[in-house]
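Going in written order, the chains are labelled A, B, C and D, and every chain counts its residues from 1.
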Amino acid sequence: MTGRVSDRAMTSRSSGFELELAAETDNVPLVRHALRGLLEASGVPEERISDIALAVTEACANAVLHAYPRSRGQFEVAADLTPGRELVVRVRDHGSGMAPRVDSPGLGVGLPVMAAIADALEIDTPDGSGTLVRMTFDVAGPAS
Amino acid sequence: MEQAEPGVEVIIVTGEHDISTAPELERRLEAALESGHPVVIDLLGTTFIDSTVLRVLICAREEAGERSVGFRCALGETTGHGVRRLLDLTGMAGRLQAVPTRADAIAGAVAPGHA
Amino acid sequence: MTGRVSDRAMTSRSSGFELELAAETDNVPLVRHALRGLLEASGVPEERISDIALAVTEACANAVLHAYPRSRGQFEVAADLTPGRELVVRVRDHGSGMAPRVDSPGLGVGLPVMAAIADALEIDTPDGSGTLVRMTFDVAGPAS
Amino acid sequence: MEQAEPGVEVIIVTGEHDISTAPELERRLEAALESGHPVVIDLLGTTFIDSTVLRVLICAREEAGERSVGFRCALGETTGHGVRRLLDLTGMAGRLQAVPTRADAIAGAVAPGHA
């Protein structure tokens, strides 16, 4: 639970952020707090912030839990809030790629939770390695 | 997380919890279940949980059932939207034996026949 | 296992098909067979066909198993094979929307299997109801 | 699906199987496991399975383990790519006690100490 400042580089932009983090559990709340900061500063309603925080936390937990079963690695999170009040969050790892697990230590609801909360969820493997999860959230509308 | 009731294991979970704190919560719950006393998880001051924490709560509830140990969660208006939302999405509020106050939770957990 | 011809309408196009089916398990192999026909006719290698058939079967099984927990419903499948050898398959239901289930009767590997096989997987809720799963497959490349 | 070996329940699964036939396969496997005889699932002529069928196979394997009943799957070169792919993706080939021929599967399932 120690901060790992040296593991991350944070670049603030007017309407978003980019984080590069070690794929360790302690870094998951850091992402959530950065996201919360961005959305609070933009006046997004608290309930919608908390929904989005849940979806993004699940994506980060997957990068930490599943992407690097046999090694250490990094993951990146980018959040962009457009003037049209659309939030796009990308969670990218450079791990195994989506690997189905029958014996996952997780509850198995992460992907459906992301899909239920995000207005759109996209998963792919850019450049043929690892996983990119891209979620789009309408932050002007109701918490759905 | 703290504890403060004789004869009942009351675990008060405050603030945000996720994959970074779930293992600690799991250890606390295992220790509580091993005491043999009824177990209450107070989520009234919990602002956020992710699915790894929900998994720990569900496992604790099942473990309590198997050991015939009394079990309740307290889940009320002060519980954060982030907790409610995950329980609602997954339909799990019922499975956690949730009641609205800590007093109700303690009473329910210690009452015989409610293991 | 009886054919349900009356439940479906099939429209052949030069490079694709559209099916509208009752959300019943017996219709899942029908989709797979239509897909196989399309891909065989287009000379896609057998192993790639079988991978794609798996991903699409999982998406259809989800529409049948999860979308309509308390009612009957329909699901639609559209497949488009572009001249550039990209296959886009859309599986659409008008059910509950993505609903995470802790006690799913499934093995819980459907979504990760789709994500692992498809070059891109997108999930959203068009017009605010039900689920659209959109998978893109490169059918020129290797079976990955 | 058929059966043809005295003292061993051999279930031969041919062709494609998915959510539409998984319940029938599940019933066949349950009946076989209830016979108390060792159980062999021959997947040498299986061309395709989806995750609902894999789930049935895994459950049968676990059930056999719990009942201490011999269990093997036959999985070979004639088994379709569609079966292999799902087993490889999920890392399940090992968990299904897979051997390359029906004879090996029968021998493995009936051998004592291999339940």
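Just so it is clear, a residue touches a chain if its C-beta (ideal position, glycine included) is under 8 Å from a C-beta of that chain, and two chains touch if they have at least 3 such contacts.
Predicted, not measured: the structure shown is a model, and the values here were computed from it.
Visitor: Can you name the chains that touch chain C as well as chain D?
Guide: A
Visitor: Give me the step distance from chain B to chain C, shortest route via touching chains only.
Guide: So the least number of steps between the two chains is 1.
Visitor: Indicate the whole-number Å distance between the mean C-alpha point of chain A and the mean C-alpha point of chain D.
Guide: Inter-chain centre distance comes to 39 Å.
Visitor: Please compute the C-alpha centroid of chain A, do the same for chain C, then give the distance between them in whole Å.
Guide: About 27 Å separates the centre of chain A from that of chain C.
Visitor: Any chance you could list the residues of chain C touching two or more other chains?
Guide: 99-102, 107, 109, 113, 116
Visitor: Scan chain D for residues touching two or more other chains and write them down.
Guide: 54, 58, 89-90
Visitor: Quick one: label the inter-chain contact graph as line, ring, star, complete or other.
Guide: other
Visitor: What are all the chain pairs that meet the touch criterion?
Guide: Pairwise, the chains that meet the contact rule are A-B, A-C, A-D, B-C, C-D.
Visitor: Residue numbers of chain D touching chain A in their complex, please.
Guide: For this pair, the touching residues of chain D are 54, 58, 89-92, 95.
Visitor: Which residues of chain B touch chain A once you look at their complex with the stated criterion?
Guide: Result: residues 16, 18-21, 48, 50-52, 54-55, 58, 80-82, 85-86, 89-90 of chain B touch chain A.
Visitor: State the interface residues of chain C toward chain D in the complex, per the touch definition above.
Guide: Result: residues 1, 25-26, 28-29, 32, 46-47, 50-51, 53-54, 57-58, 61, 64-65, 106-107, 109-110, 113, 116-117 of chain C touch chain D.
Visitor: Under the definition above, what is the set of chain A residues touching chain D in their complex?
Guide: 99-102
Visitor: Contact residues on chain A for chain C in the complex?
Guide: It is residues 97-102, 104, 107-109, 111-113, 115-116, 118-125, 131 of chain A that touch chain C.
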